[in-house]
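A single structure is presented below for examination.
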Amino acid sequence: MEENLMEENLDVDFRKQSNAKEIWRRFKKNRSAMIGLVLFVFMFAACFIAPLFVPYTSVTRQDTKNKFAPPSVAHIAGTDNFGRDEMARILYGGRMTMSIGFIAAAISLLVGGSLGMMASFYDKADNLIMRFIDILASIPPILMALAIVSAMGTNLRNVVIAISISRMPAFCRVVRAAVMGIVDQEYIEAARAGGTGDFRILTKHVLPNCLGTIIVQTTMNMSLLMLAAASLSFIGMGVQPPAPEWGSMLSEAREYMRSAPSLMILPGLGIVLVTTQLNLIGDGLRDAFDPRLKT
Amino acid sequence: MIAKETTKEATKEQMLEVKDLFVEYQTDLETIKAVNGVSFSLAKGETLGLVGETGAGKTTTALALMRLLPERTGKIKQGDILINGSSVLKSSDKELMRLRGETIAMIFQDPMTSLNPVLTIGDQISESISLHNSQGRTAEQIQLRVDEVLNMVGIPSARKGEYPHQFSGGMRQRVVIAIAMACEPDLLIADEPTTALDVTIQAQVLMMIRNLRDRLGMSLIMITHDLGIVAQTCDNVAVMYAGELVEVGSARDIFKAAHHHPYTDGLFGSIPKLRERVKRLKPISGLMPDPTRLPTGCYFSPRCPLCADICRERKPDVFAKDGHKIKCHLRINADGYIKDEVRS
Amino acid sequence: MIRYVVKRVILIIPILLGVSFLVFAILSFTPGDPASTILGNGATEEAIKQLNHELGYDLPFLQRYVIYITDIVTKFDFGFSYRTRLPIANELVSRLPISLKLASLSIILACLIGIPVGIMTAVKQYTMFDTVPTITALIFAAFPTFWLGMLLLYAFSLKLGIFPSYGASTWVHFVLPVIGLGLPEAATMMRFTRSSMLETVRQDYIRTARSKGAPERSVIWKHALKNALIPIVTIIGVDFAALMGDACATEVLYSLPGLCTMIINGIRQKDVPSVMGATLLLTAFCSLVVLLVDIVYAFIDPRIKAKYSGSRG
């Protein structure tokens, strides 16, 4: 929307901004975001409901006589280098990759977000926290994750912790900026002057108003975290075999690129699709939360 | 729908004619009816005040005159705009570029955002001059003209190499004015040129615009919500509400006539007067209607203190007396105001 | 202007110290001690204790950090590898060019594709020239560099045999890695350029330019582009730094002997000095790149330039 249009309808937009129904209405009208959401729900459901029907043993059960089998009724997507069912591994692998992404995003948001909120709320803490975040942010995320994994050892828990910490600066800065923008508003000053306590200001005024920014950023970062988890596993510093994970499956597929190139298709496609879907959803949410930014 | 009586002779001296203009903003989600049938005209050297609240469609009208509406969302749905007798809506891109800057120029509302932050003010002024260089000025002559224009608006020409952020708000507005004046346009549109400025600077800037107008003999459209500015500057006044002109007349009509549109009365009621003892100011109650869902009947009816049944049902006609026009049901044949038959 | 550059350079010192301290602290949590790693399983406790003492490992943590940093700053001495017993510094010097070459060629490729295409999509918004590249970029931005790398490797190396699949001895060796690393980055860059450009075109001063009668191409190239490029320059710096890290998977995939493979080998062999040295050097370079870009930024943005040029304003 254009500048003059914006000004002339400022009160209209403002009223609509805080309305969850209105946001959903705008999101629904965004075709690409809806495509992303529908596909994501489908893939998410497939990866998280599959375990109810496919036992974990079919992921690890080796069948050396039946290596690199082409797709068949028994194995929809064929088998891998150990004769394991590729489809089962893709579904369980997707569950692993996505879970790491979600959990790491939650940790990163919780820790980074709290730091950001503290920094924006207390002037004394601000300098300390932000200088620390500056230092943390000047280490490339993957290198940070590698250093942590190196010190603590490669297992699932440490991988989650490592990539959570590596994304923390991003969350911290975003939340700080969002909260700062609101804390400076006059209605917060008015609430303060009226004797409202910090905690109440935070929960009643600040959080609801920067929720949009936080949700959008979390969605966007989730895809980055999943990419990071897959990267770590690919270079052998993440999820360890035989546990299936899209990155580590690609790492295994790389060994058999000559004899069984088809093994590298599904895990890679899985990562691309989920990342694209999350990006589409994130873009859609951003436009829905702030229609003025829409181009 | 209020049009000045246009006889053939009159048309010739009119430099601007707006006929029954409708403008809409269309987004995926809604259609905003910003301008709903506006007609007015402006003679050479004349000043028209366009008055109304924020959101009345004043800026939209002005942008439509220059075809500067946002390309995708802003649509001129109906009507015509004639400048010196030729239609702006039918002009080619090339004609449009000549029109902008050379025939019409605009001073924008917010001097803080209207200047390009990465170009020096000298560059921004000289661009105007070299784009409309019919006299064939050389680069040196263009620079001389830049100095001249800067002196005209009271900025030392030595500062032309500086960037906008190095100037204060008032000084920036002078730069914006300098850009608009650089090619001595026939028509200047000043869109709330003083709203963003301090009170002390406001008077200076206003005075400057008036002086320049008088010196160059330009026509001027002064968009404002400040009736004081109207009284000081304008020959004619058009009062705008929800995309319509509800009252048009000479400045004298608007300030002194016995009959007004209730909205105009409301505007005056919300300003304190020095010489009268008023117990309490009377603000207009309520808000402007949502431009996506305009009321049926008179658009002002929901807020009108005199609202009758007919106001909610039927769109009012225009009633006129000696060029003073009011668009209101309640003026029917009152005191010599007769229905204005000239509709475009 | 010099004041600004000096100020920025000085400001980077505490960051570098902080980063080195953080990395040192994290890696000091690595289980085990250097002597047991060096001497292997068969060593006696006495010998281990003796060697740890010689290595200064029994000193307090802070003291070890100070010694480590002082050696780097004064003698460019990063210690020696637990495995090869060779100085880390030599290996760093031989590997750094490969990492730098990979990252800088990739970012150059990304800029050459991303920025022009991004401008085109913004200018041609809502036409085919916008939708097709935008959708392509959306998908490419989601590509893991290692998967794109694998596909390229399979097609151009294994099947077509045009490019070598591993090694870094000639320029040809860098073609596939650079494309694999650069294309997803180009997509990101394109998306950013597009939105920056669209954001700029919406500004009031663009309307002012149009109101002067400026033709569309001058509005785009003179008024919009310079403003839109300012945030893009920052992104180039930040992304270049990130690329240095993201290059890990690419280096592994193409067996490029860069700093990332040194870190990964170091982790596998519990060779802490290797991991530490390579991580610090890479991070230091990232900080330097960000610094450099900040300085360039100051030169193109008159708002910063004027602040430090000593003139008024």
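Going by the order they are written in, the chains are A, B and C; count residues from 1 in each one.
FYI, a contact is a pair of C-beta atoms (placed from the backbone, for glycine too) under 8 Å apart; a residue touches a chain by one contact, two chains touch by 3 or more.
All values reported here derive from a predicted model rather than from experimental measurement.
Averaging Cα atoms per chain gives one point for each, and the point farthest from that of chain C is the centre of B.
A count of C-beta contacts for the chain pairs A-C and B-C puts A-C on top. Centroids built from CA atoms put chain B at 50 Å from chain A. With centres defined as mean CA coordinates, chain C is found 22 Å away from chain A. If each chain is reduced to the centroid of its CA atoms, chain B and chain C end up 53 Å from each other.
Among the residues of chain C, those touching two or more other chains are numbered 203-204, 207. Within chain A, contacts with two or more other chains are made by residues 2. Of all residues in chain C, those touching chain B in their complex are 126, 203-205, 207-216, 218, 222-223, 226-227, 230, 300-303, 306, 312-313.
Of all residues in chain B, only 66, 68, 72, 93, 96-102, 105-106, 108, 110, 113-120, 124, 127-128, 131-132, 162-163, 165-166, 176, 179-180 touch chain C in the complex they form.
Interface residues of chain A facing chain C in the complex, by the touch rule stated above, are 2-3, 131-132, 134-136, 138-143, 146-153, 223, 227, 230-231, 234-237, 247, 250, 253-254, 257-258, 261, 264, 267-268, 271-273, 275-276, 279-280, 295. Note for the complex: chain A touches chain B at residues 1-2, 4-5, 7-9, 11-12, 26, 29, 291. Chain C contributes residues 14-15, 18-19, 22-23, 26-31, 125, 138-139, 141-147, 150-151, 153-154, 158, 195, 198-199, 202-204, 207, 241-242, 244-246, 248-249, 252-253, 263-264, 266-268, 272, 275, 279, 282-283, 286-287, 290 to its touches with chain A in the complex.
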